[in-house]
Structures are given as structure tokens and as C-alpha cells.
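The same chain A turns up in both complexes below, where it pairs with chain B and then with chain C.
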Partner chain A sequence: MGRTLSTKEDAGALFHSLRSAYAATPVNLKIIDLYVGFAIFTALIQVVYMAMVGSFPFNSFLSGVLSCVGTAVLAVCLRIQVNKENKEFKDLPPERAFADFVLCNLVLHLVIMNFLG
Partner chain B sequence: MARRLAGFLVLLLVVSICEAAFLFQPISDSHRSTALELFTPDHGSFKSLEETYEALRTFQILGIEKKPDLTATACRSISETVGSSSSTAKDLFYALKANSIAECKIDKKASKGIISRLKAAVSGASSLLDFYYSVGGLVLIKDQSSEADVHLADAEGVFRSVKAFSQSDGRWRYSSNNPESSAFAAGIALETHAGIVSLASSEIDQSLISTLKNDIIKLFDSIEKYDDGALYFDDKLVDGHEYQGPVSTTSSVLRGLTAFAAVTAENLNLPGDKILGLAKFFLGIGVPGDAKDFFNQIDSLACLESNRVSIPLILSFPSTVLSLTRKDSLKVGVSTVLGSEVPSLTVKLVGAFSSGSKDASLVESQELNFDKTSGLHILNDLPKSIDVGSYTFVFEIVLHEPKHEEVYFKGSQTKVPISVTGLIKIENSEIAVLDSDLGSIESQKKLDLAGKNAISLSANHLQKLRLSFQLTTPRGRSFKPHQAFLKLRHESKVEHIFVVGNSGKQFEIVLNFLGLVEKFFYLSGKYDMELTVGDAAMENSLLVAIGHIELDLPEAPEKAPRPPPQPVDPYSRYGPKAEITHIFRAPEKRPPQELSLAFLGLTILPLLGFLIGLLRLGVNLKNFPTKPLPATFAVLFHVGIGAVLLLYVFFWVKLDLFQTLKILGFLGGILVFVGHRILSHLAAASAKLKSA
Partner chain C sequence: MGKLWLICIASISILLPFLCNAFSPETPTDRRVLVLLDDFAIMSSHSLYFNALKSRGFDLEFKLADDPKIALQRYGQYLYDALILFCPSVERFGGSIDVAAIVNFVDSGHDLIVAADVNASDLIREVGTECGVDFDEDPSAMVIDHIGYAVSGTEGDHTLIASDDFIKSDVILGGKKIEAPILFRGIGHAVSPANSLVLKVLSASPSAYSANPKSKLSTPPPLTGSAISLVSIVQARNNARLLITGSLSMFSNRFFRSGVQKAGSQTKHEKSGNEQFLTEISKWIFHERGHLKAVNVKHHRVGETDEPALYRINDELEYAVEIYEWSGTSWEPYVANDVQLQFYMMSPYVLKTLSSDKKGLYSTSFKVPDVYGVFQFKVEHQKLGYTSLSLSKQIPVRPYRHNEYERFIPAAYPYYGAAFSMMAGFFIFSFAHLYSK
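Entry: the complex of A and B
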């Protein structure tokens, strides 16, 4: 009984510590996290829709899902590069990373728009 | 002239066996009516004097009355040509020829002028045709005008010049430049030689004339032959321009021969059957459709006829097919080539032989009766020995008076193919179905082959079918027709044909179905029966449907041959096919619109969630540059991104990739520049802040 309880307590304690640690992250990183969450959510909704109605214009489904996933991936890359605690990208100015992010997004969306049909 | 021709044609009296059948019709009224049609002048006058002459000569020979306006227009053109000083020797020649028939008057002055001009033409002639026209013209004007003094000064010289054009094979060339020789030119040359001899003031060396005789004999070596005995002259077709055709060539040679024979005292020693062959050639043409051929034919036949010594006699037959049913009698006509009267003679039927057999004659030698009203010799009743079929009858002409033997050439025996037809009696026709083993009759029916039949029989594969009938000729003999077939046709249009054999008069066919099962492809069912009996000599050939027979054949085994495919109705195979309507791909099932719209709304939700989250996080625009230049750049940067996204929307809606890329390149360039400026400005600002 004590073990299960401790597991439950452990889970609760873990959750709380995560929450508090997350609160300490800088705001710009939180914005990016929010963006990623938004993108993934949109993708999920599209998958659910496809599951309901069938994959008839499959290219449209793919382009929709891939646009969301692609932009999420790019945002994650941006987060890695902008994070000050990341020693690897110490010398990369965050503006440069942002410019890369914008450019890659524009290219991704061009391709997506072409594939959308 | 007659006496000369006597010498030339006296050899024809030698009776030579004429092997070929001779079925040529002499000139008749159909010729006369065709002549009137062919020789109609164009607007009252002919195109040339040559044609005028041909028309007049043809009408003269055929005995057609000369129309006065035709003569008048002919006289006009003749006097025009004669009076004109620019007429060539050829024009004068044909004008004088036409005048010999039309008999228009030529005044003394004009004729004197003509004579001098023609004499000058003779001296100046270089080719065969020049000599021909000039010498011929002189001969004609000598006959027509009152001038007695028309002579050739150097006749022997002119003779030699013309002879110089001859070749060793009896043909002549047209000129010394042209190496081509032809028989047509030979005929012209002979006429020219004849003219020279008649115009000569002194006797021409006989040796020269003898050499001409040899040329004629050599020319006759090149004569060509048709199977029916017709002989003709033809030249090789080398140059189409010069080629005249067998009719013109043969008639030219004949004219030359006749003219030459008229002037020489010597005997030309030509074989009689050659002359007869030439007559056959011209008669064999029938009624030509071309004016030139017509003239040549009639003129040549007149040459053959006009000799008073040996006129060929022609046997003609109104009909060579006789019907026993109608009791036709065999009629024979005898006339000269131009259809003129002949002296009294008798036609004898020497013999009749069955075609293809070498047995003795079926009839005795007998004379035919002469019917004065129709002018035909008639054999009133066909002998009993002549039954239906084809025969060769042999005839002979017997002249009544011996003195006529010298004048007319009657040839020798003439063989004529005669067909005799009649009604064939078909009797005792019956059809029966027999049992195979015993031969006993299961069902038997009588047939009436002359009328309608609708027999209905049935048989199985163990039985036999027998059809029998008898054929008898009108004279009571047995008859074997060319065709005696029994045809069985199945419902599926598969047909089988069997030949009906005979022994004597009895015709019988037995179909043993046991042996025919495989031939019939094991097809059971209803077969239509059809009998065909036919022959050229049978007036009542028949093709009758007898009826039908139900055949019960066993089942086909695995390996049995299939019946051949029947010809398909061509319209169904080659006609238009059924129209194909295109079936379009059924469109995919789309979800109901409400569901789609609901999900559209649901997709917007995360965006809203993002915006709300941003607000909760407390985003602000404090870092937005305040100084005007960076601010402009910042604004432009955001506007640029917005413009690109708007471009993408347009790309999805309307534009194509190339247009989009073009605009994107343009916008992208701006965006990169502006973005670089603002971001480097921001980087510089934050670096300054860090260091500070």
C-alpha cells in the first residue's frame, strides 16, 4: 500500500516539479512551445477527419498533415537554436535562427500549397 | 486493169483446203447506217480533204446516195485548194482524190498550174511521202483533166529513188534519215511505183519491176495470222507517232498490191489462201467504230471485190444455234465480201461431225434448197441422226456454170460449228429412303421435277437416301448433261453438293449416311434438298427445290471437325457497330457538407488556442523599434511575410507554379533584404544591451 501510494505520490511530485521547472523557462521558448502544440493539434484534428471520411483526396490530406508536422519540426529546431542553455549553438545569434525558421517555413508552405491541389 | 489483176489473182483458183471455220458476215445494212453516223461532217464540211475523200469513197462503195450539199462543200474546198498557190503536194493529192469521186470541174489554167507544181514536187522530193503525194497527184490529174501530156521525164530515175528506200525484208523506210521501216510504208511505196509506171513516157526496165515482185513476196513472208485464218500485216510499235495499227497497215499494203498488179503485165504468183486470209481479216472486224478504220475496211474489201477475176465468196449464217423444239432449219447465205449478188450456185452439206469426235459423218452429203424470196440456202429438216449437242458441219459451194469458176473464188470446204438444242425429257423421278442393311424401302415418293415439290422425309444415320430419274433427248437417246448436282443445305447454312452419276439414261445417286456422318459434321436437323440439271444444249435446264429431309445423326465426338464458319452477313460484320457510351468514373463519395464545415471550425480552434495562449503568456511588442528607419524595415518585413502568404493563397486558388515562382522571387528578394536589415539591427541592439 505504501508502494502504490508512493508511486502515486511520486507521479504527483514529478508532475509538480515539471510544472515549476517549466515555469522557469524564458517566455520566447514558451511561445515556441505553444506554437508547436498548436501545429500538432491541427495535425491531429486532420487525421481524425480523415479517419472519419476516408482519404479520398489523399494529396490534400498529406499536404495538410505534413505542413503541420513540418512547421512543428522547424519550430523545434528554432527552439533548440535559440535556447541559451544549449552550448552547441552559443555563437549563433537568435535572429539568424529566426531568419532561417522564416525562410524554411516559406519554402515548406510553397511546396505544401503546390501539393494541396 | 482487169486483165492484170487476172494474172495476179489467177492462183486463187487453186483450191486449197481451208481448215479454219469461217463465220464472217459480209457487209450489210448495219454498215451503211454506221457509215452515215461516222462520216457526218462537222458544220457541213470535214476537217480536212483527207477526211472528205474518205467519206466520199466510203459512200461510193457502200452505194449510199451522195448528199448534194456534201458534194457542194467538197467541191468548194477542192477548188480552194487547187486554186491556192500555197497548197502542198499532200493537199493537192487529197483534193484530186476527192475530186475523182465528187467530179467537180477544174479549169484548164488551174490544172496546168497543178501539173507544173506536182512535177516540180517530184523532182524536189526527198522522202517517200513526198514522192507518194506528188506522183499520186499526177496520176489523178492525168485522169481528170483533158491534158494528155502528163508524163514523168525521168521515170526510171524516180523509180530508183523510191526503190532506194526499200529494205531487204520487203518493208520500206520513210526517208533516208529515219531507219525505221514499216509495212505501211511498203504499201505506199507500191502505189507510188504503180503510179510511176503508169506515168512513164517510155518503158521501164523490166528487171526493176521484177525486183519489186521479189519485195512483195518477201513482204508477204512477214504476214501475221489469227487462229480463225485471218491474215494481216502489222508493224512493230516502236514510236507511237508513226504506228498505224493492223487495219491501216494491211489496207495500205492491199491498196499498193492492187495498184501495182494493175500496171504490170507479169504474174505476181501470190498464194490464193493469203488473199482469202486478208479478206477474212477485214470481214472479221465487224462494224468498226472509228471513221479511219471503217474507210480502210471498206476500201480494202472494194479492192478485193473490184477485181473481175476472183471474187471471194463468203458463207454467212443467220444463226448457228438451232432448236429442235422450234424445228429450226439450217439457213446459209452466200455473197461477196461487200454483200453483192452471186451467180447461181448450190451449197452442199458435205458432212456433219460430233464435236471432238473423229468418227464418220453423221449425215449423208446433200444439197440445200435455194429459197428465192429470202436468197438463202435452207436445209429444211435436220436429219434424224442430229440430236442435241454441238457439231461441226462442213459445207461446199458448187457453181452452176463453169465460166464462173474463173471469176469467183469459192474456197474449199468450210467448217462451221453448229449447236443444236432441245427439250430434254425428265421421267421416272423418285426419291426414297432405304434401310442400309437390307436395302428395303422405308419411304418412297414420286417427284415432279418440272413443277413444285415439297417432299418431307426423315432418316437416321443408318439409312440411305436414293434419288433417281431418267433423261431422254428429243430423238430418244440418252443424254449426259454438264451439271447434275444434288445439294443438301442444313439449317445453319452448311451446304454439301453431290454429283449425280448415270448409266445410260438412268441417273441415280445413293447417299449412305453412315459414311457421310463425319462429312456432315454430325449436324442433325432439317436439310433442304435441291437438284440442279443443266447443259448448254438443254432448253429446260432446271434448279428445283425438292423438299427437305430430317436427318438424325449421332452426337459429335470430342475431336470431330467443326463445320466451317458460314459467311457472315457483310453488313453485320462491316456495318456500324453498337454505339459505346462512355461510363465515367463514378465520383468518390464525399462526406456531407456539414461534417466538413464542422471540421473546418475544429481546425481553427488550435489557432485560437495559440493566440489565447500567447495573450496569457503576456506577449508584447515592446521590442518593436521606435526609430523611423528600423521601424519601416520592421513593418516592411512583416508586410513582406504577409504578402508571401497571400501569394500562396493566390497560388492555391488561381495561379500556377511558374507565375508564383516569378512573383515569389521578386517578393523574396525584397523580404531577404528587409529581413536582413531589421534582424541585424535587432541583433546589434541586443549585443549592445548584453555588453552594456
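Entry: the complex of A and C
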């Protein structure tokens, strides 16, 4: 009863189990994941554009990519701190985590607007 | 009353030297010409030529070349505006004139006509050398042409030649074509090909050579063919004009009136081309043709009228200049289609042909190049027979000021859009996060 499944069927089983496990996450975490995905997607679009057109206003490119990557990173931190299954941040109120998220985003966007030119 | 007379005479005598300048745009009329002769018989034997000059308003003063009282200048002011040397056999000039004085005279912008002849003296040859032409070294050499000689009843040694190898220039020779050939009897000279200021107006035919007609030819002659120049002109860089020729008899009444038939050609011309040729060329020598002046250089930005002190890169600007030509009596507009303007800094960044409005105004407009520095508006116009125009005006060009760049770079619009969409996304997300269950 050992190796009865091939690698292809292994990959398919893995994918199915991941999907079903993910379906079980709470809704607010899914919203954060959606936001991160949107940020990374925007960053990728900018990188592809730069590859086509060239890096002429390099400061604008960096500013645009940094805004996407920065908010993605901050959203990931928020998800870590808000996730109830995370033992490390058991004592941290989720409001505090959200307040940190908002403040850091404010600073980030201030820097971005300055560097955008 | 007496005092008034004294003041009048004093002021006139102070002004008089200033009236006898070289050709200048302020005093271009009625000039005094000194004519130095070997003997006064030339006055009557060449009277047609002198009368033509007098009828155009020139004051001719005839003196013998070794007259001890002749002088070109007194107390530093020149007494004459032009000099004609019809004295091929003078050994030493009288008075205060010598080769150095003649060279200084030309260097200060005055015109000169020199006619040498057979057995010309060393002095006249030296004057020719200073002007840039080299006469044949053999003193008794003449130009001989056994194929292009003038058919005549008397002289049979083919030293009287009929030449029609003219320079192609309407400015120098006048608009009307010279039908009959020119009668010439005298010595030839050579012009150095490296010299760009001397031009051969009348060259000998390829079959001519310069040698002594009375002695046998033992070695090949040094001057042969079309390299022999019969009549040359020099336009100096200070716009003084010189005429050098090797035949005094070319100017004589006899040659003016005689008919001419070139050997080997059927046509017999009633009158030689000498009178027309020499009259037209002396018009050029005395600046009645081909003397240009450029005035009123103006430049400004398109849409403005006053001249700025400096331009910015990528500015649109207009340049205009007025060019006139002296016609003998007045300044006429100069019409040409090859006056060019250079916007120059070490090399011309912009080279444009100025367009003329047929009334003497030349203008063009162009965009300042994308390079900053100190440029010059340069007009360099050098045409055969015309005075050279060399205008130059310096103008600085500055780069953009920090607030003259475009505010938003079109190539960066996606990045602007991404940054703002992230801000909007953050705003919407924070609402979604707070109000989700």
C-alpha cells in the first residue's frame, strides 16, 4: 500500500488539499490576501513596462514599484499580526495592528509622493 | 568778415584730407587718381581711355614718373584714392614714391592699375611681384603666339596677339558679352596657383609662349600656354582692387580703334574688344561693380521684435541682414541666392541659406540646437569678383532653467498611475478590513 500514486497525481492531490485548506481561512484574511495580490500584480506590470520602454525617469519607476512592494509588505505584516492562529501575537489587539498598518502606510506614501517627481 | 573767411578756410583745409579717403561707404564719389607716365605723349596716345575715366567722374592728375615733386601722402593723409602706373620703363620714382610706398598705399585700401611692357624696368617688375604676379625674367621677352595672333598688315613676328580667353564673371567684365578679341602686345606674367586672391582675367591661348622674338630659342621657354596671364586682377583682403597687365599699348587709342581678325578665323571684327574690356574692368577696379556692404544685422525670437541678450536651447529665432551693392552712383539691393548663415561654435551647428526679398533684405529662421554655449552668427560670403563679406556676432545660449522643464514626464505616467492606485487601494482596503465580519 506504499507507492500507488504517480507524481502527477501527487501534484493534483497537493493542489486539491491546498485549495480546500485555503477555503477554510477566515474572510478578513482572504481580503488581505487579495490586497497583497493586487499590489504585486501592479508591481509586475510596472517592471514589464520598464523592460519595454527603458528606465528613463528611474526615480518614478523606483517610486512606483516601491509603493506596491511596500504596501504588500505592510499588508503581510498586518495579516501575521491579525491571524488568530498565530501564537506569537496572541496578546496583540488587532486594532493596534491595524493602527500600525495605517501609520506605516502614511509614511510610505509620503515618501513615494516625494520621490515620484 | 575777415575772421569768418579765415575760419571757413581753416575748417575746409582741415576737412579736405579727410575727403580723400579710400573707397568707403561714406565717401564713394569723385575720387582723385594719380596717373604716372613715362612721357606726356601717353596722355594723347591713350586719350580715349583717360576720357572714359574722366567722364565717370574721376579727377585724373598726370605726372611724370620721375617728377621730384610727386607724393602719395602728406603729413600722414593720402592725397589720392587710386594710382595708375603707365610707366613701364621708369628706373626710379621721383619724389617720395617707391615700391614700399606703393605697397602701403594698397595696404590702406586704395586701388592700383599697373601696366608693364616690353623691356619693363626692374622697378615695375618688383611692383608686380609685390602684387602677386611674376613677370617673365627675360627683360626683352614678349608673348608670341603663332596660332592665335592678330592678322595685321605690318607686324609679322606674331607678337600682336588676339586673345578671347576671358574669365567667366559678369561682375568683373560686365553683363554684355565681349564679341571681338582683345589686341595685346607686350610681356606675359604668371600667377601662382597657390594664391587665391589673384585671378587671370585674360589668359593667353594654349599655343602662346613668352620669349624674345629677335633671338633664337635655345631652351624651352619657362612661360607657355594658358599659364601665361595677359591681364590679372587682385582683390586684396582689405578690398583694395589691383589690375596688372603686361601691355601698355593695349590701352592705346590705336588698339581701341583698330579692327581685329584672329588668325585662323574668318570673322573680321570692325573694332577690337579693347575699349569695352578695359572700360568694364576699370569699372570693377574702381568699385563701381561688385562692392558689397552688409548693414543692419538683426536677430530676435519669433514673435518678438527686440534683440535678446541671450537665447535658450530649442528657441525659435529669426535672423536678418541687409546687403547692398554700390552701382557707381547709389547703393542698390544685392540679389543672390547663396548667402549662407552659420550658427557656429567651433563648427557650424546650423547652416542655412538666407532667402532674399529682392530689396536687399536677407532673412531666415531656425531652431537653436540642443547645445548650450557661446555661439556666433557668422555670414561668410566670398564670391568671384565681389568683396568678401565676413560678419560675426556673438550670442550666448543657455540651458533650461529648473522651472522650464516639463512638469510631468509622459513616459512616467504608468508609475504615477500605479502610485495613486496603490493609495486608493489602501484606502478601500482599510474600509473593507474594518467593516468585514
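FYI, the second predicted complex is superposed on the first by the 112 of 117 C-alpha atoms of A that agree within 3 Å, B and C clash if a C-alpha of one lies under 4 Å from a C-alpha of the other, contacts with A are read in each partner's own complex, and residues count from 1 in each chain.
One rule holds for everything that comes next: contacts are C-beta pairs under 8 Å (C-beta built on N, C-alpha and C of every residue); 3 or more make two chains touch, one makes a residue touch a chain.
The structure presented is a predicted model; accordingly, all values stated were derived computationally and were not measured.
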Would you mind checking whether chain B and chain C clash or fit side by side on chain A after the superposition? clash
Could you look at A:67 and tell me whether it touches chain B, chain C, both or neither (first, second, both, neither)? second
Which partner does A:110 contact after superposing on A: first (chain B), second (chain C), both, neither? first
Quick one: classify A:99 as touching chain B (first), chain C (second), both or neither. first
Could you say whether A:32 touches chain B, chain C, both of them, or neither, answering first, second, both or neither? second
Contacts of A:49 with chain B and chain C, given as first, second, both or neither: both
Common ground on chain A, meaning residues reached by chain C in one complex and by chain B in the other: 27, 31, 35, 38-39, 42, 45-46, 49, 53, 56, 98, 102, 109, 113, 116
Going by the contact rule set out above, which residues of chain C touch chain A in the complex? 409, 411-412, 414-416, 418-419, 421-423, 425-426, 429-430, 432-434, 436-437
Which of the residues in chain A end up touching chain B in this complex? 27, 30-31, 34-35, 37-39, 41-42, 45-46, 49, 52-54, 56, 93-96, 98-99, 102, 106, 109-110, 113-114, 116
Taking the touch rule as given, give the residues of chain B at its contact with chain A in the complex, in rising order. 588-591, 595-596, 599, 602-603, 605-607, 609-610, 613-614, 617-619, 641, 644-645, 648, 651-652, 657, 660, 664, 668, 675-676, 679-680, 682-683, 686
Chain A residues touching chain C - in the complex, by the definition given at the top: 27-28, 31-32, 35, 38-39, 42-43, 45-46, 49, 53, 56-57, 60-61, 63-65, 67-68, 71, 75, 78, 98, 101-102, 105, 109, 112-113, 116-117
